[in-house]
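Below are two complexes that have subunit A in common, paired first with subunit B and then with subunit C.
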Partner chain A sequence: MKWWQNIPFFLVWVPLLCASLTAVLPCKASQALILLFPALGTVLSGVLYLHVSGNMAFYTFPMGLFGAPFGNELRYGTVEAIMAGTFCLVLFLSLLGGWKRLQEHIAPERKKLYCVMVMLLLSSMMAEVFTNDMFTAYVFIEITTIAACALIVARTRGRTLFAATQYMIFNMLGSGLYLLGISVLYCMTGHLLMVPMHEKIEAMMASGEHLQSLTLSVTLMTIGLGIKSALYPFHRWLPDAYEKCTPSSSAMLSSLISKTYLFLYIKILVRVVGLQHMNALDLRPVLVLCAFGSILMGSIDALLEKKMRRMIADSSVAQIGYIYLGIAVGTEAGIAAALFHIIAHALAKSLLFLSGDRLIGASDEDADFHELCGAGFRAPFSGAAFTVGALSITGIPLLAGFASKLYLSQACLTMPSRWAFAGLIVLAISTALTASYFLITVITIYRTPVHAYHAPVHHPWYSTAALLILAGLLVVVGVCGSSLYTSILSGIPYLI
Partner chain B sequence: MLPVIKDHLEEVAALILFSIGFSNLLLNRNMIKKIIGFSMMDSAIYLFLASYGYIAGRLAPIMESDVPAPSVTQYVNPLPAGLVLTGIVVSVSTSAIMLALTVRLYRRYHTLDIDKIALLVKEADEA
Partner chain C sequence: MTKKKNKAWDWLVDGSQALDDTMIQEYAEGESSETPSVFSRPHPRESGYYERFHTWSHDRGARLMKVLYAVMVVCICVGISALLIATTSDMPQFGDAKPVEDDALSAFYVEEGYLHTGAPNIVTSIILDFRGFDTLGESHVLFIAVCTVMMLLYIPRRDDPEHLREWLASEADDRATEPHNDLILQQGAKLIVPMVMIFGIYILLNGHLSPGGGFSGGTVLGAGMILYLLSFGFQKTERFFNIHTFRRVSTAALMFYALSKGYIFFTGANRIPNGIGTGQFGAILSGGLLLPLSIAVGLVVACTMYVLYTLFRKGDL
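On to the complex of A and B.
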């Protein structure tokens, strides 16, 4: 085994060890650790990508003495390396961009606990990206849920407490359904590792046995992960959870946590069930309808919102709908488009939450839209960063959002004509709605202010640099989108 | 129908328990009852897994050094028991977090009714 083949293990287990370490280290050292490790994780994921993309193969890392099908293992290829790198980078930039607000919002005695939870979150995300075992995925899903709940409630306010409770209730429902789904699947196949499970499912599909049980189990997992990733109609917990917590937490919840569940769902569909069996299990109509519901209702809710943070949060529901639409296409191109959209949305949403919070900071806290008039002049850099994020989400050319919508539209065209037509119409309507609510916001922040405001808050240079990097990445991914898309597409055969 | 239920009694019981727990967690307004619903839901899944792992007439998968080991086919499958144990640990952690949140909510709003808490939160936001 070569040294770089240990990187996935390192990315999962070192943050887990560091989580314990942060509990005993001094506060400053803990805070340095939560910035250092995601940055290191980004570099290591880059190294992993260079090695696996060069060889165009997948690798397994046995966890313990027993190999497949008895032991537990990690499995990785190009796609896993890209996703791990993206998640580590966005986590690093989310923390850095909201660092000042983090120090203000989190009580001193809770700062270390916050660091523990960030490290746990990083470890669980990496485990969900790399694991090849369904039950390990469940365990780390629960760790993600607990860490996310702590990130919401870390900023003590009545609303965050209520939002965290709502978040937990919905996530417990989702976890229960996911666990029941894998239990049924385990009883049918006798395996927990994804690849042996898939081999048994292939045999079942060929013989036509246990089809109803298989459909039941996949449906349970779909609903479970749908609830956790805020797919319509299970999205009611989302705006409250994202709105009131500290901006770094909002960025992590929106850009990383829901996206990790989506990546796991993609892995289950591709590696365990098999894309070719999606039609036999009647998954496509359900996924397409939920995706359409998410896209339209998320956009309408965002349009009707009066507060900026809630508007950005509601917009996430629509963006999650886009990702499910790519999954519902059920082809490698559709999955690649969905993964591309995960990356584009993770970058844009972090930027929007971080820059949006700065614009609110330059106006009145908890302000309605009309209070944001002139915020773009009071905080010019944040205004520009917000505009870049908003234009990307809307789908303006040369930005990441445009490339992802283009790939999604192309993937939609491969569906049966009625679904393809409906998909394109929904994408068009949603783009118009997204343009409406984001352009209204951009125009508002550049309008003449209604009254005088206090002097804008000064943010440290590294937070501003984080916003600059995020905005730059949106442009780079938008301009060089085809290379990233090709890389993801070429890695999908090794995800199977 | 009845013979099928009789043959799969544990699975049917698990399904009924899961449904009760799920609906309780989703619909009950009392936070403590919600947590009980969650525990019930998870316990139902553990019952389902444990019943799958148990095979009547087979031995517990414990090998003793001074006793000659019987054939592997004489043991029950140890994996579901391992899954149940891991699941219980996860479930206890989640329940503990939920209980901690409930205590905090009760201290702040003096009620366990989630709908009343939602109203109080809304009123506090508007004030």
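On to the complex of A and C.
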């Protein structure tokens, strides 16, 4: 085993080891650690990507002396390296971009606990990205869920307690359904590791036995992970949860936590069930309809919102709909488009939450839209960053959102003609709706102010730098989108 | 039209008038059906429509939604239950060996597992050795759960008057419900607690030999500590267990666990000999790292149980 093949193990293990340490270290040291580890994780994932991208292969890392099928295992290839790098980078930039607000919003005795949560979140995300085992995924989903609740309640203000309780109830239901799905699958296959499970499923599909149980377990897992990633019609917990917590938490919740569940779902469909069986299990119509519902209802909800952060939160539902649409296409191109959209959305949504909060900070707290007039002049960097994020989500060329929508619509065309046609129409309607609510916001922040405001909050230079890096990444991904897409597409056969 | 409605009507027509406090009160207590919201002065016909729709949506509409909600809940629950029950008939029979007969997984665990781990208890060797990564995650689930509860409920002892008042209030509230030196409880606890603790330690230490292990032993130990706290009060327990003890014990246990599992994972994957023997089969000091790992898990579980109890009881240890 070469030295770089150990990188995924260290990405999972070191944050887990240091999570309990952050509870006893001094506060400053804990805070330094939660900035250091995601940054290191990004670099290490980059190194891993450089090593795996050339060779058309996947690698396994047995957790212990006994590999599959006797013990746990990590497994990785190009796609996993790209996703791990993206998640680490977005985590780092979200923390850095909201650093000042984080210090203001969180009571001193909670700061260390917040660090514990971030550390365990990092470890559990990496475990979900790299694991090759259904039950390990479940254990780390639990950690992610509890960490997410804590990230919401870390700032106890207004409706955060209510939002966190709602989030917890919905997400526990989701975890429960996922666990039920695994146990049904385990009953039939006798395995928990993904690859041996897939072999048994292949045999079952060939003989046509237990098709009903298989459909049920896949449905349960789809609903479970759908609830957790806010798929329509299970999305009602989302705006409350994302609105009132500190901006770094909102950015993490929307661009990391729901995305790890989505990546896990993609892995289950591709590696365990097999894309070629999606039709036999009647999965496509359900996924397509839920995706359409998400896209349309998310956009309409966002259009009706009066508060900026709720609007950004609601637009997440629509974006998650796009990702499910890519999954529902069920081809390698569709999955690649979905993964590309995960990356584009993770970058854009964290940027929007961070810069949007700074724009609100430059106006009155809890302000309606018309209070934001002129915020772009009062906080010029945040205004520019918000504009870039909004344009990217809308899908303006040269930005990441355009590339991802292009690949999605290309993938849509490979579906049967009815679905393809419907998909393109929904994409068009939703683009128009997204443009209307995001561009109105952009115009609002550059209008003449309605009255005088207090001096805007001063943010440190590194937070502004984090926002500009995120905006720059959106441009880079938008311009060089094709090479990233090709790289993901070439890695999909080794995700199987 | 009742008096309440008249009041709402007046307010609705004359929008400049500030909202009546009593109306907000009534709305909050669910007595009034009017929503206190702010409108500019409406056109009379418009406010007539508003009145009609508004009373409907708060009156009959709300009742209709309640009924619909109840019907939907029952339908969905019954439907899902029926679906799950119907599917069990499609699943392999209980005790059916067919799904597992043609692969070596169970056979390996049962027939050869002890050769590799040196432990007669197959369950412990699976959860702490073969699938040790899951259990490592699981013990961190306990840790993160305590941290979250601590974030919500822990009342810090700080010098500023507001926190001090809150802390004193929680102390006083706790004293109010606690049985003060109940003689029967204390004499009973004096008899039972040592036995519970020794039994817990026995389960913990014999986890790799007989049924038991970290999770069950830790639960017994935690229950023993809670019983002691219930009968003798916080003054006695604070002498040996406070928030710092908890932090140190659980951090040490978790870090030992993570470090030793990390060592095993790393050496195992890289095919480096790890130098840990299995010892004599069936002896108390055997099974490689299983015994220390059981103790670590047990400490985490016991601390978690005790701390969750005290945090929910008065927000402090």
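Some notes on this structure:
Quick note on the criterion: the second predicted complex is superposed on the first by the 495 of 496 C-alpha atoms of A that agree within 3 Å, B and C clash if a C-alpha of one lies under 4 Å from a C-alpha of the other, contacts with A are read in each partner's own complex, and residues count from 1 in each chain.
Going forward, a residue touches a chain if its C-beta (ideal position, glycine included) is under 8 Å from a C-beta of that chain, and two chains touch if they have at least 3 such contacts.
All of these numbers come straight from a predicted model, not from anything done at the bench.
Once chain A of one complex is fitted onto chain A of the other, the partner contacts of A:442 are absent, as it touches neither subunit B nor subunit C. In the superposition on chain A, contact is made by A:16 with subunit C only, not with subunit B. A count of residues in subunit A touched by subunit B and by subunit C gives the higher number to C. Of the two partner chains placed around the shared chain by superposition, neither subunit B nor subunit C is touched by A:27. Of the two partner chains, subunit B is the only one touched by A:183; subunit C is not. Using the contact criterion defined above for the overlaid structures, shared-chain residue A:173 touches subunit B, although it does not reach subunit C. Of the two partner chains, subunit B is the only one touched by A:165; subunit C is not. Once the two complexes are overlaid on the shared chain, A:35 sits clear of subunit B and of subunit C alike.
Of the two partner chains, subunit C is the only one that A:113 touches; subunit B does not reach it. When the shared chain is aligned, no partner comes close enough to touch A:195: not subunit B, not subunit C.
Once both structures are placed on chain A, subunit A residues 135, 139, 142, 146, 149, 153, 187 are touched by subunit B and, in the other complex, by subunit C. Only residues 135, 138-139, 142, 145-146, 149, 153, 158-159, 161-162, 164-165, 168-169, 172-173, 175-177, 179-180, 183, 186-187, 192 of subunit A touch subunit B when the two sit together in their complex. Looking at the complex, you find that subunit C touches subunit A at residues 83-84, 86-87, 90-92, 99-100, 103, 105-106, 108-109, 116, 129-134, 136-138, 140-141, 143-145, 147-148, 150-152, 154, 156, 158, 247-248, 250-251, 254-255, 258-259, 262, 264-266, 268-271.
Taken together, the subunit B residues at the contact with subunit A in this complex read 18, 21-22, 25-26, 31, 34, 38, 41-42, 45, 48-49, 52, 79-80, 83, 86-87, 90, 93-94, 97-98, 101-102, 104-105, 108-109, 114, 117-118, 120-121, 124-125. Contact residues of subunit A toward subunit C in the complex are 1, 6, 9, 13, 16-17, 19-21, 23-24, 61-66, 69-72, 109-110, 113-114, 116-117, 120, 123-124, 127, 133, 135-136, 139-140, 142-143, 146-147, 149-150, 153-154, 156, 184, 187-191, 196, 200, 210-213, 216.
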